[in-house]
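Which chain is which? They are A, B, C, D and E, in the order written, and residues in each are numbered from 1.
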Amino acid sequence: MSIEKKEFRPKIVAFCCNWCSYAGADLAGSSRLGYPADVKIIRVPCSCRVNPMFILRAFEKGADGVIMCGCHPGDCHYSTGNFYARRRMTLLFSMLDYIGVENGRTRVEWVSAAEGVKFSDTMNSFVEKIYSLGENVRLGDLRCRN
Amino acid sequence: MQRIGVFVCHCGSNIAATVDVSKVAEMALMEPGVVHAEDYQYMCSEAGQAKIADAIHEKKLTGIVVCSCSPRMHEATFRKAAERAGLNPYMVEIANIREHCSWIHKDMEEATKKAVILMRAAVAKVNLNTPLQPGESRVTKRALIIGGGIAGIQTALDIADAGYEVDIVEKTPSIGGRMSQLDKTFPTLDCSACILTPKMVEASAHEKIKIYTYSEVENVSGFVGDFTVDIRKKARSVDMDKCTGCGVCQEKCPSKKAPSEFNRGLNNRSAIYTPFAQAIPNVPVIDREACIKFKTGKCGICSKVCQAGAIDYEQKDEIITEKYGAIVVATGFDTINLDKYDEYAYSQSKDVITSLELERVMNAAGPTHGHLERLSDGKAPKEMVFIQCVGSRCSDDRGKPYCSKICCMYTAKHAMLIRDKYPDVNVTVFYIDVRTPGKNFDEFYRRAVEQYGVNYIKGQVGKVIPQPNGKLLVQGSDLLDNRQILKEADMVVLATAIEPNPDVRKIATMLTASIDTNNFLTEAHAKLRPVESPTAGIFLSGVCQGPKDIPETVAQAGAAAVKAIGLLAKDKLMTNPCTAHSDELLCNGCSTCENVCPYGAITYEDKEVNDHGIREVRRLAVVNSALCQGCGACTVACPSGAMDLQGFSNRQIIAEVDAICR
Amino acid sequence: MSSKKKQAELIEEISGVNPLKCMKCGKCSASCPSYNEMDIKPHQFVSYVINEDVESLVNSESLWKCLSCFACVERCPRDVKPGKLIDAARQMVVRQRNNTYLSPDEVPELLDPEIPQQLLVSAYRRYRR
Amino acid sequence: MQELINRAKELLDDGTVARVLGWRAGDLPYNPEPAYFENAESLKDFVYNGFCGANLSKYMIEASKLEGKTLVCLKPCDTYSFNQLIKEHRVDREKAYVIGVGCKGKLDIEKIRAQGIKGIESIEGAEITDEAETLKIQTIYGEKTCAYSDAMLERCHVCKGKEHKIYDEQIGESKETKDGERFDEVSRIEAMAPAEKFAFFKKELSKCIRCNACRNVCPACSCRKCVFDSNKFDSSQKANVDSFEEKMFHIIRAFHVAGRCTDCGECSRVCPQGIPLHLFNRKFIKDIDELYGEYQAGDDTDSKAPLTNYTFEDAEPSIVGKRG
Amino acid sequence: MKYSYYPGCTLRTKAKDLDDYARASARVLGFELEEVEDWQCCGGVYPLGTDEIATKLSSVRALNAAKKKNQELVTICSACHHVIKRVNDDMKNVEDICTRANNYMELDTPYKGETKVLHYLEVLRDRVGFDELKKKVVNPLKGKKIGAYYGCLLLRPGKLLEFDNPENPKIMEDFIRAIGAEPVIYPYRNECCGGYISLKEKDMAKSMCDKITESAEGFGADMLITACPLCMYNLNKSSAREIPVYYFTELLAEALGVKEVQA
């Protein structure tokens, strides 16, 4: 039996703030609230540590979706980090949308340490979205030279 | 090149049941830099830690990856183990293959694949780790307690008894909190005041405790061990030192129309007042909104009658700045606003009251002097209906999604006390579930039913219908008998949901303590660190962390005190070495990073640099690592990439990204 | 998928109600003005859907006694909206079986000179396809 | 121009400035280039005309390190960049003597060529003092004409205004050249379907030869060492032509200057491949204006930049998907 | 001020009074009701299934007509108000319904819930203002004790209609005060009269109406006012009690001194 077409399994990178959503993911885990294995989490001290370069890098290396999770606005462990992150990501996502990259591939969600359910729901819906979008062709393809 | 050892934990079957741990170890050996890999049942056990130590010695490891549970669980354990074996603790990284993998995936192959990727990411990161040295910071040996209720008082007493100074900041004119408003307490029916007032007195007399009443925390800066706090002492208009607490001013005050906060607005108080007779300090305050002198300039009777000359209309708010090593939040709760529950006729009928109001009605010092009577006409009720879960367990935006936890018990208490004191009064309780976990709690509830004949009906009330004759028609359902009930009552008591004190969000923001969607402060770990905030140096006491009754509050207050004492007992603290650092050769001196730093940790200096032979003086960013908390905001703001974060460097994170997307 | 299950899912879809959110507090039944006329009580609707017994639900008298007054919807603390389930069940009856609770023949005898148009219009919409 | 030269001579002579930063005539009538003039005599090569599009602010970074003051000629739009550089502590205000020079729109030789005018020998009407609406161009094929505004750079059609934001003195009149809307082009792209947008940018970006002209000319790209040249981000293969930056260079560059870019348009002007690079920067400016309130980088030297600022009520990133 | 106006089927026929008084009063109060051209009946019941589209289209047409004129859409009948406001909410917030409805309608520009729907009472409260109304009253209805009967359709679902507090409304009471009478607050004023079932379940309707009128009389009301022709019919027909029931617009016209002009 030969496999003609490989099943699409997306690569999804999730940047999670150590103080909220990373703990939220832990809570989702200990509560056994599943979400697809396609999601891989990278721990950062704060959403404001997430450089747009990291997100572009992930796409360039073949990620099909990138999600960033931080503390709810006003609840940042460092007071203001997520406010800066919010502006940075808004502008970055808008730019990606502008150059024709599907907006659904990027997302920001605020998930607190207590929101294991929200974490799992968020990941499930994000993964579902990425499946519906299929493989990320455009971002990986956006280069100067063909 | 690093020499990395990878250790894969089975966590019994927690990991091993869904992740092929030996496969993960096997794959690890194929990663660059990895010279050793093994799996073991419990890596966190002594034997497991010994394996790590042995490997460090035998294989001359320079870096460690432990594939195990969340770093929030055992990162510290493994770092200490590595340190004991002579490795810099910051050369250890954790791949979270339990919470983020084995526990949420069912398919072994899939989970194993993911575990391998997580391991790779950790290895890629460790390849770029560098040894880090934590700095030291001092500890101010004084604690601040925000909130002077039973939680705050107990925590303060416990810390003070251990020999440390404690300040209590209380917003209202007296300490005592909600507990001072209660009449009796379950499940023993002690008089609340009788057990609380001795503690209040003890706190006020304690030489290590300073109490700021009628005061609020205005600003908090600094960090664990070294917080600087501004406290606003609101103008009391009464000199604390001169006042003898004789009470004449309150008697003579002609303005007696202000609703009494202490009696939940059921009766009025004078404009100059102490909230209740046993108030501590026993010094009144002038409510400037209600005071005739402040409103019209005329009056001044209190000043005239005060023998001690303590009245001071000119008094102003005062800001006090103090240093603290630890802060305990004990801000307590209030009942929710019932504006959105008009079907219960709370705003339409005076005879529909909340349970906390009933406490005041039952209390000898309350508006009815302890007589159970209707507030509309003063008549003794014959039929009382209690409605449970008013605003609790609501997933809509009218109420709270959680169980308020205390209502089932205090309703049983109320029902029992009423039946005991007024045997001719019928008591009916509409409930959804009766929840009585706790020592002697269910027995207590059963006594209400069996011994006192309280009528419990399973089913919620749909509407309370005031009748022209002044009675209240309660329309409820009896789910067990499958019938709709129309019951005529004289009084209806609503077991109103409790919520954290609305001010707590502001306080949490000042403290950078995390708070959940219901405004309860989040604990560092739901099970293992229940009285600590994830923010170091902040501790939680009482209902600010979640609904609880008095015994639980007191227990938690003691626990919070012990945690605070543990911190105050240290002379020095190790600081987090994961701080920002600027590369002098790349820094433009543009000040962008300075603008986003929440700690003022970045300053600029003119420094001479040697840039590949060019010597020149440049304006450069300098990070004060004692102030830097390591958020990383500056690293992204920096256009040139000069600013980087130790432990979470650009290259480390990119290496993780690459490993995941490989 | 069994047809029973399909029916239950259909009713969830038409109504947009998730019956699993119900905590069985009975506030709907406590609020219902038609309670005494109903054979299946408002708080029981969710159980019928959960137990996939849509058959009993669509045959129940309650469908025609519900006033669509939304008292249960307004007061439900769990956002379950039992009234919408009844509406959905009624829809299933009028849609699937072309079964009508109101036939044109019986209308004349029900009429009186003051009846507002909207009553007839709404009765038709509620009771007939 | 002569007034400018005379004044420069004066200032050099009385020692107020040690050098003059301006433009020198090039080998062709339309390619003057930025240059330092150390003495009165050398000013004979000084030129200021419609082809002096180059923004001299960035040169002041190096000039700030030199001994003595530098006289710098800044057009109204250049002063925004200069202000921004002051704000970022990249230039020393004390080391600059700013002459705000008049501008009546700068010319784009490509636009002239696009009209079929080749073999250019000389151009008349490009002088800054000249009120002529028409350029007279002598070519090897004879005299050709071209309306001044038809030969203007795109950026001049959406000119930010003829006011100098910072100067020590002003010489020459400026003229309003704005006859278009700054964000029209961006809006047009925003309205495209995703595939269309993608095709558009892919086509444009595929022309890039990574010559770095855009980066070199950009006054906001003033980093001592560009992240693309350091090893701070890339953990591997620098030499790989296919590497990260290759693909993302222009997006990252635009992001790095977001909130700092004054929209001077130099990037597009200098691109040898004619890539409309300003469309990236202007998209960020449009978003910033719409989401966080109007902001013009370089308008002043002390306001908070949009990316180092926030409000509690800021839009959520999901707004991008919502507004479609 | 001009509003688009959706009278609805009953106001064109059986409840002509409600309509006439409303228009006459509007003129006095300085606003104009422009009837939506070719309006179609709203159906009287909000389409129950979430998957129903066709039955929502008549509302969408009226809403779109108002949008084109850039006017707010005013309704008087409680049922029309309920149906149109809820359909409008669907068009605004339920993507699926919006897309499908627009597919049916084939409009030049899709309708996305842009129109604001106002009940006549809301116009009085939010646009005219009860204080302003009070000033225009020439025959204050002094001494009249009036019970407001809201019923169910005006108020619920409260979150969606955003008309008033569904459990303790006050807009009609404020209205009663504005026209110089005394409002009587009684607990059954937001309970359903059973209007929808009054065709077939006469006994049920009677028992419900009796509860309402008994309660209102018990608290001292001399009369009831309503905004709903169905409630009006039902309370008159089904209740054993004699308490008179009026459209609120009739009392409004009376207070403004334009009742006789109409009649």
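Please note the rule applied: a residue touches a chain if its C-beta (ideal position, glycine included) is under 8 Å from a C-beta of that chain, and two chains touch if they have at least 3 such contacts.
Bear in mind the structure is a predicted one, so any value in this text is a computation, not a measurement.
Listed here as common contacts of subunit C and subunit E: B.
For the pairs B-E and A-B, the count of C-beta pairs in contact is higher at A-B. Taking each chain's centre as the mean of its C-alpha atoms, subunit D lies 62 Å from subunit E.
Spacing of subunit B relative to subunit C, judged by their CA centroids, is 45 angstrom.
Subunit B and subunit D have Cα centroids separated by 54 Å.
Inter-chain centre distance (subunit C to subunit D, centres taken as mean C-alpha positions): 69 Å. Under the contact definition stated at the top, the residues of subunit D that touch 2 or more other chains are 227, 233, 307-308. Residue positions of subunit E with contacts to 2 or more other chains are 167.
Within subunit A, contacts with two or more other chains are made by residues 51-53, 57, 61, 74, 80, 84, 88.
Pairwise, the chains that make contact are A-B, A-D, B-C, B-D, B-E, C-E. Remark: subunit C residues 13-16, 33-34, 37, 64-65, 67-71, 73-74, 84, 87-88, 90-91, 101-102, 110, 112, 114-123, 125-126 touch subunit E in the complex. Looking at the complex, you find that subunit B touches subunit D at residues 124, 128, 583, 585-592, 595-596, 604, 611, 616, 619, 637, 639-642, 644, 650-651, 654-655, 658. Only residues 65, 88-90, 222-227, 230-236, 256-257, 260, 304-305, 307-308 of subunit D touch subunit B when the two sit together in their complex. Listed in rising order, the residues of subunit E touching subunit B in the complex are 159, 165, 167-168, 185, 187-188, 215, 218-220. Against subunit C, the residues of subunit E that register as touching in their complex are 8-10, 12-15, 41, 43-45, 47-52, 55, 77, 79, 151-152, 155-158, 166-167, 191-192, 194-201, 204, 208, 229-230, 232-233, 236-237.
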